[in-house]
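As written, the chain order gives the labels A, B, C and D, with residue 1 at the start of each chain.
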Amino acid sequence: MDFSYSPKTKELRRRVLDFMDDVVYPAEPEYAGQLATAANRWQSPPVMGELKARAREAGLWNLFLPESDLGAGLTNLEYAPLCEILGRSPIAPEACNCSAPDTGNMEVLVRYGTEAQKKRWLEPLLDGTIRSAYTMTEPEVASSDATNIGARIERDGGHYVVNAHKWWASGAGDSRCALFILMGKTDPSAEKHRQQSMILIPADAPGITLVRPLTVFGYDDAPHGHFEITFEDVRVPADNLVLGEGRGFEIAQGRLGPGRIHHCMRLIGLAERSLEKMCARAKTRVAFGRPLADQGVVMEAIAESRIRIEQARLLTLNAAHRMDTVGNKAARAEIAMIKVVAPNMALDVIDRAIQVHGGAGICDDFGLAAAWAHARTLRLADGPDEVHRRAVARLELKR
Amino acid sequence: MDFSYSPKTKELRRRVLDFMDDVVYPAEPEYAGQLATAANRWQSPPVMGELKARAREAGLWNLFLPESDLGAGLTNLEYAPLCEILGRSPIAPEACNCSAPDTGNMEVLVRYGTEAQKKRWLEPLLDGTIRSAYTMTEPEVASSDATNIGARIERDGGHYVVNAHKWWASGAGDSRCALFILMGKTDPSAEKHRQQSMILIPADAPGITLVRPLTVFGYDDAPHGHFEITFEDVRVPADNLVLGEGRGFEIAQGRLGPGRIHHCMRLIGLAERSLEKMCARAKTRVAFGRPLADQGVVMEAIAESRIRIEQARLLTLNAAHRMDTVGNKAARAEIAMIKVVAPNMALDVIDRAIQVHGGAGICDDFGLAAAWAHARTLRLADGPDEVHRRAVARLELKR
Amino acid sequence: MDFSYSPKTKELRRRVLDFMDDVVYPAEPEYAGQLATAANRWQSPPVMGELKARAREAGLWNLFLPESDLGAGLTNLEYAPLCEILGRSPIAPEACNCSAPDTGNMEVLVRYGTEAQKKRWLEPLLDGTIRSAYTMTEPEVASSDATNIGARIERDGGHYVVNAHKWWASGAGDSRCALFILMGKTDPSAEKHRQQSMILIPADAPGITLVRPLTVFGYDDAPHGHFEITFEDVRVPADNLVLGEGRGFEIAQGRLGPGRIHHCMRLIGLAERSLEKMCARAKTRVAFGRPLADQGVVMEAIAESRIRIEQARLLTLNAAHRMDTVGNKAARAEIAMIKVVAPNMALDVIDRAIQVHGGAGICDDFGLAAAWAHARTLRLADGPDEVHRRAVARLELKR
Amino acid sequence: MDFSYSPKTKELRRRVLDFMDDVVYPAEPEYAGQLATAANRWQSPPVMGELKARAREAGLWNLFLPESDLGAGLTNLEYAPLCEILGRSPIAPEACNCSAPDTGNMEVLVRYGTEAQKKRWLEPLLDGTIRSAYTMTEPEVASSDATNIGARIERDGGHYVVNAHKWWASGAGDSRCALFILMGKTDPSAEKHRQQSMILIPADAPGITLVRPLTVFGYDDAPHGHFEITFEDVRVPADNLVLGEGRGFEIAQGRLGPGRIHHCMRLIGLAERSLEKMCARAKTRVAFGRPLADQGVVMEAIAESRIRIEQARLLTLNAAHRMDTVGNKAARAEIAMIKVVAPNMALDVIDRAIQVHGGAGICDDFGLAAAWAHARTLRLADGPDEVHRRAVARLELKR
C-alpha cells in the first residue's frame, strides 16, 4: 500500500497542471465571451479548436481509455489524478478530448465495436473531429430502472427501424455531433435483461427530431446541450447494431463503470476549485469587524470541505485501483460508492462556497452556480443515488 | 392558545384557494408562453394585467400591510396563510399586488414617507401601475454587514447627489419599474449605525445605468430580474430623503421584518406545492417492480418533507403572531428563526421532489429547478443564515 | 388562531414553575444522594414521598387525563406546557403522579376498564400508592410490528393462563410496582389485528420472574428500571381481561397517542434545560482567548438548538390541539410527526450541550449523558422513527 | 500509488484475524462474566492474563511503535490495518499490549525518556506488567485549549512538587496502574507554549487521591476506568521531569499524533463490527411482512455505513502513510482530519446499528450501546472536533 503518486503520475500531473495554468484558465473568459456573442450558440466557440491543438501538442490527448494503445495507455489509477485536474475547468476535458459522453461512447466502440464501426466512428471521435451523444433516458418511464425503457429497435430485412422518445441526450446540441448511440428493445418478449440492444445512429438520419434543448437549473449548457429527441421510423443498416441483439445491458454495464468514475474524478477537481475560491473570498471580505476567514463558522465550512474532498478523492482512487486490478464488474460496489459520494460531496462544497460568496455565488461571476447545477445532475445521471445505495447494500448483505 | 384558523381566515383562504384554482394555475402556461415568445423579456406578459384585474374584482388586492387601512386590513397572522397560498405560484403574488420588493417598499413609504412621497410613489404602487426596486447590496463589500455599505448620498444645496454601485436590485428589470429606494451613507464620520440614509430615486433619473441582469443559477427571472446598477452623480431633490439623515438603519430594520416573513410564508407554499408534485410523481412511476410511492426511501422523503413543512409553518405563524402582539422589534428572534428555517426547509423539500422526478426535476417541466434556485437566493437575501443564527444566539445568551 | 397561552394555562405554568424552583430542583441532589447510598436501589428514595406530598398540597397532582374529572380536568393543550416543565427534571413527573408508564396505564383503565378493575387498580394508581408496568415488547421478534408479538393468553375455565417472554418493561423494578398490563395473543388464528388482547396481571402472581434489569447506555435507571420478564403459566381470573378478546390493538392505539405526546412534551423540557446548561457553560469557559459564548461555532450550536426546540414545541402543541379537537385517531399523523421530531430534536440539542461541556458532558455531573441516553430510547420506544415516518407518508399519499 | 496491502501486511492481518477468531472473540463472554462477578471491579479479570500470554506466543505483542526495534518494527501504515482489527473487540488491544493510554505513554518514554526513565517505566510497560495513565485534562478549565491548564509543577531542590486537580485520567482505576504522566506548568510567566512540562509520577506517591471514577454515559469502564484525581504536594525526584522544563507542549504534540491515529484505527474496526451486527440482525428480523434486510430504509442505513467506513479507513491509512513519510508534524492536517472523521463516522454507524436492533441495541446484549458511548468520548478526548476543524481550516487558508 502506497499513497504516493508514481513518478510517471507526478510528471503527468505537472504537465496537466501547467497546461491548465498556461492554456486553459486564460482561455476561460475568451470561451465565455465567444459563446455570449455567438450567432449560433450550438457551435463550439473557435477558441476550443485552439485549445485542442495546444493539448495535442502538449501530448495531453485521449488520456482516458485504460488498457488500450489508442489513448495514452494509462490505467484508471493513473488517469484519475489527471481527470480530476481537467474537472477544475468546464472547458478542459473537451480540450484534451476527454469529455463525456464521448469518452464513454468511445469505450463502447473500442470494446464492442466491429472494425467497420471503429473505422467510421471511433477514429474521428479519437481525432476529435466529431462528437457523439448517448440516448438512453426516456421521459415516459422511470429510467433509473433500465428495464423500463420503451424504445423499439425492430429488424426489417437488412435494416433496423428505430422508434423512440428520448431525452437528456447530452452533447446532442453540438453542431459537430454526428453519432447517437441508442438503447432500446429488440425483443420485448425476451428475458428481462436480454430485451435491450444498442445501436449506432448517424445524427443526420431521416426521422430524427431534436425537439428542444433541456435546461439544467436555467442553463442550456450550450454548445453541448441536453436534448429531447424523437426517432420516428429511423432506418439504419443492420450492421449498426452493437455486439448483437439482447446485449444492451451488457454493454451499458461495461460503459457505465468508466463513465461514472470519470464524472467522479472531475467532480473532485470541481470541488477543489470551489474550495480555492471559498478560501480566497473568505480572506478578502470583512464582516462584523473581522475577515470571514477568521470566523469560526466559515472555518468550519472550509474544514468540512477539505475533509470531504480528501475522503472522496481517496475513495475514487481506490475504485480506480480496483477497476484496474479486479475489473469493472468486481469493482461495482466501489463504483457505486463513489457515484453516491462524489456528487453529494461536490454539491456540499460548492454550496458552502456559494454561501461564503453571498450574492456573487449565485450569479455567473464565479462559476459556482453553474458548477452546482452540473453537480446536481450527477445525483441522477448514470443512476440516482438511491439505486447505487441499494446496490451497495445488496453486496454488503451478501458478504 | 388556539391552532384553528379564525372564521375570517377560513373564508379568506377559501377565496384565495378558489382564485388559484380558477385563475392563477390555468394562467401559468399562458404566462410562460407569452414570456418565451416576447419581443422584450423585460415587459410583463399581457396575461398578468388580466390576472391583476381578476384579483381586484375578487377583492384579493393588497392583502399585506398590517395595521393599515390602505390594504385589506389584515394582521400578519391573518395574512400569513394567504401569502403562503400565493407562494405556490410564481405569478400569484404580483397578481394580487403582494409581491416583493414592492410590498417592503410600500411599507417603507407607509411608515416613514411624507405625504408628498406617498402621493407620488405609494399611490401608484398600491394601485399596481408602477413597480419599484430596493438597492442595498453592493458587489465590493460583504453587504451582510450593512455597515460596510459604501454608497454615497451627499447634500448639495436643495439636492442630494448619489454615487453608488449596487447589485441584486430585484425587480429593476421590469419596464414598469419607476422607483429605486437606495441605502447609502450621508455621513461616513457618524456613529456606525447613524451613517446611513435612505433616499427615493426615480428610475429615469440621469446617471443611472442598468449594467446587466444577473442570473440566479441560469435564470434571468425576467421580466422581474436582478440588476447590477451604477448611480453616477444622480441628483434628486432633498425632499426625497426618507425620514431624515442617519436613519437608514432604522428604516431598514422596519422594512426587513415584514419582508422576511412574507418570503417565508411564500416559501412554505412553494414547498407544499413541491411536495404535492413529489407525491403525484411517486404514485405514477414504477421502478424495480413497485411504484415509487411504495418504496421506503421515497416514503421517508415524503414524510420528512411533511414534517419539516409543518414545523416551518407553525414557526412562521407564531412569528406573525408575535409581530402582531409585541411588535417587529421584540419579535426579532422569531423573525430571525424563520428566516433560517424556511429557506432551508424549502430547499430540502424541493430537492427531494427533484430527486423523485429524476431528470424531469432539473429541467423546467415541473418548475422544481426554478423553485429551488429561487429558494436558494433566500439563504442570502435579507441576511445570510449565519447572520440570523448569530442574532438568535445573542438573544438566547442574554436571557 | 392564537399562540398565546390562556390565562388558565399561564396561571398553571406559574405554579408548576414555582414548584420546580422551590421543591423539585433543590431535591435533585438529595434524590441522587439517597439513591447512591441506598441499601436497595429498587426502592424509591424517601425524598420522593415528600415531593409527592408537596405536589398534592400545591394542587399539582394527576395533571394528565384529558376529558376526565379524575385528574385536573385539563385538555391535552392545557397539559402540554405543564408536562414540558415537568420534563425538565427526571424526578418531577413522578412527584406530580404524571410519569410513564403509569399515565398510559391509567388511561387504559379509565377508558377501557370495568368498575372492578378501576376500583382495584386505577384508584391506587391515581393515589400514587402503587406503580405499574406495561409489557408489550419481546426479545424474540421485531416488536415494532406488533402483529409479531408471540405472548400467549389462553382461556382455561374462569381463568386465563399467560405465557410470555417480555422485556423493556419500564418501571417493573420499582418495589411498589403492583400491576403489569400485558399484550398477547388470545387467538393466533384470528384476523391479523384481532389476535391480540390485553390483560391485567398482579405483579405478585406466581410464575412471574424478573429475569434482569436492562441497562440503557450503562444506566440501570433504578429504582424505575427496565426489565426482562418471563411469565410461565401465570393464571389470572378471566375478569382481568381488558375490554374483550381480540381488542388488544384497539386498546394499544388508544393508549399510545397520549403516551407518545407526553414523552414529546417532556423531551422539550429536557431540551430546554440542556440548552440552558449549554449557554451557562459557554459563558463561563474561555478557550483560545475568548469565551465560548463569543465563538461562532458555539453560537451556531445555541441558535440551532433554540430553533429546533421552538419548532418541536409548536408541532407538539398543535398535535395536542388536534387530539383535543378531532380525536386521537384523526390526529394520528400529527402524533406520528412529533414522535419522530421530539426525540431527534432532543438528542441533537443534548449532544450539542455535551460537546460544549467537554468531558463534563459525558459523565454524570451535569445530567446530560443520562438525558441523552433517555432520549435515545424514545427513537425506539412506542414505535421506531421508521414506522412513524412510514405512517406519515401513507397519510400524505392518501390526501 | 497502490491500494493493495503488502504481502507482509496481508500475512500479519491473517494472523491477527486468526487470533481474534480463535482467542479473542471466544474470550469476550468470559471476560464479561469474570468482571460481573468480581470482588474488585478494578482488578483485571484473570482471562486477560491468558489472552496476553496467547498474544505473546502468537508474536502479536507491541505491534505499535513505528521506527523502533522495541516493538514489532512496523510502520504506521503497516500497523493501521492490524490496529483496526484489534479495535473490533474492547479486550483485544490490551491482549496485544497495544491499548491506550499505554501506547501513547510508551511513545513518550521511547522518544523523550532518559535511559533511567526507560529502565524503570518503559520496560515493564512494554512487558505488560504495569499500566499507566495520562493526566492532562482539568475540571476547572476548558482543557481543549491546553494553555489553560492550571496544574503546578514546582522545583524544590532536587525535587518537583506537584499540585493539580485532574480528571479523565483513563486507566487510572486499574490496580496495575503504576505511573502517571502529568502535564502542568513549571513557569507560568514564560511564553504561552513554554510554560508547561511533563513529569513522571509513581502512582503510589504520597499526596495522590483517586477522588472517584467518572462514568461515560452510565459505564464506569472498569477495570480501566476514568478518574478524577487530586495531587497535593506530591514530591518526585527532579529526574522525573521529561525532556526539560517548558517542553510539555512539544511532548504533547509528539504524543498525540500516534495516540489519535490509533484511536481512529480502532474506531474503524468498531464500526465494521457494528455494521456486521446490523446486517446480521436485518437478515433475521421480519417486520410488516418482509425481512428488514429487504426494506429500503434499512438498506440505505447499511449502504451509508459501508460508504462512510470505507472513506474513513482510506483517510486514516493515508494519514498513517503521511506520518511515515513526512513526519507527524507535517502530517498534522491529515491527523486532524481523521480525528474529526473517525469518531463521527463510528457514532453514525453504531447509531444506525442500534436503530436496526431496536431495544436490543440500547442495552448491553450486543455491545452497541457501550461502543457508542466509547466513540462519543472520542469527539472530545485528544481535542474536540471543533479544535481539529479549526486546525484544518487554518492550514487550508495558508496554502
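Following the convention adopted for this analysis, a residue touches a chain if its C-beta (ideal position, glycine included) is under 8 Å from a C-beta of that chain, and two chains touch if they have at least 3 such contacts.
Note that the structure is a prediction, hence the values are computed from the model and not measured.
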Pair in C-D, A-B or B-D that repeats A-C, with over half of contact pairs matching by residue number: B-D
Between B-C and B-D, which chain pair is linked by the larger number of C-beta contacts? B-C
Using Cα averages as centroids, what's the distance between chain A and chain B in whole Å? 37
How many angstrom lie between the CA centroids of chain B and chain C, rounded to a whole number? 43
How many angstrom lie between the centres of chain B and chain D, each centre taken as the mean Cα position? 53
Quick one: which residues in chain C touch 2 or more of the other chains? 296-300, 386
Chain B contacts chain D in the complex at 295-300
Touching residues (chain side chain B, partner chain A) in the complex: 137, 139, 141-145, 148, 167-168, 214-220, 226, 285-288, 292, 297, 354-355, 358-364, 369-370, 372-373, 376-377, 379-381, 384-386
Tell me, which parts of chain B touch chain C in their complex? 1-6, 9, 77, 275, 279, 282-283, 293, 296, 298-300, 302-304, 306-307, 310-312, 314-315, 317-318, 321-322, 325, 333, 337, 340-341, 386, 388-390, 392-394, 396-397, 399
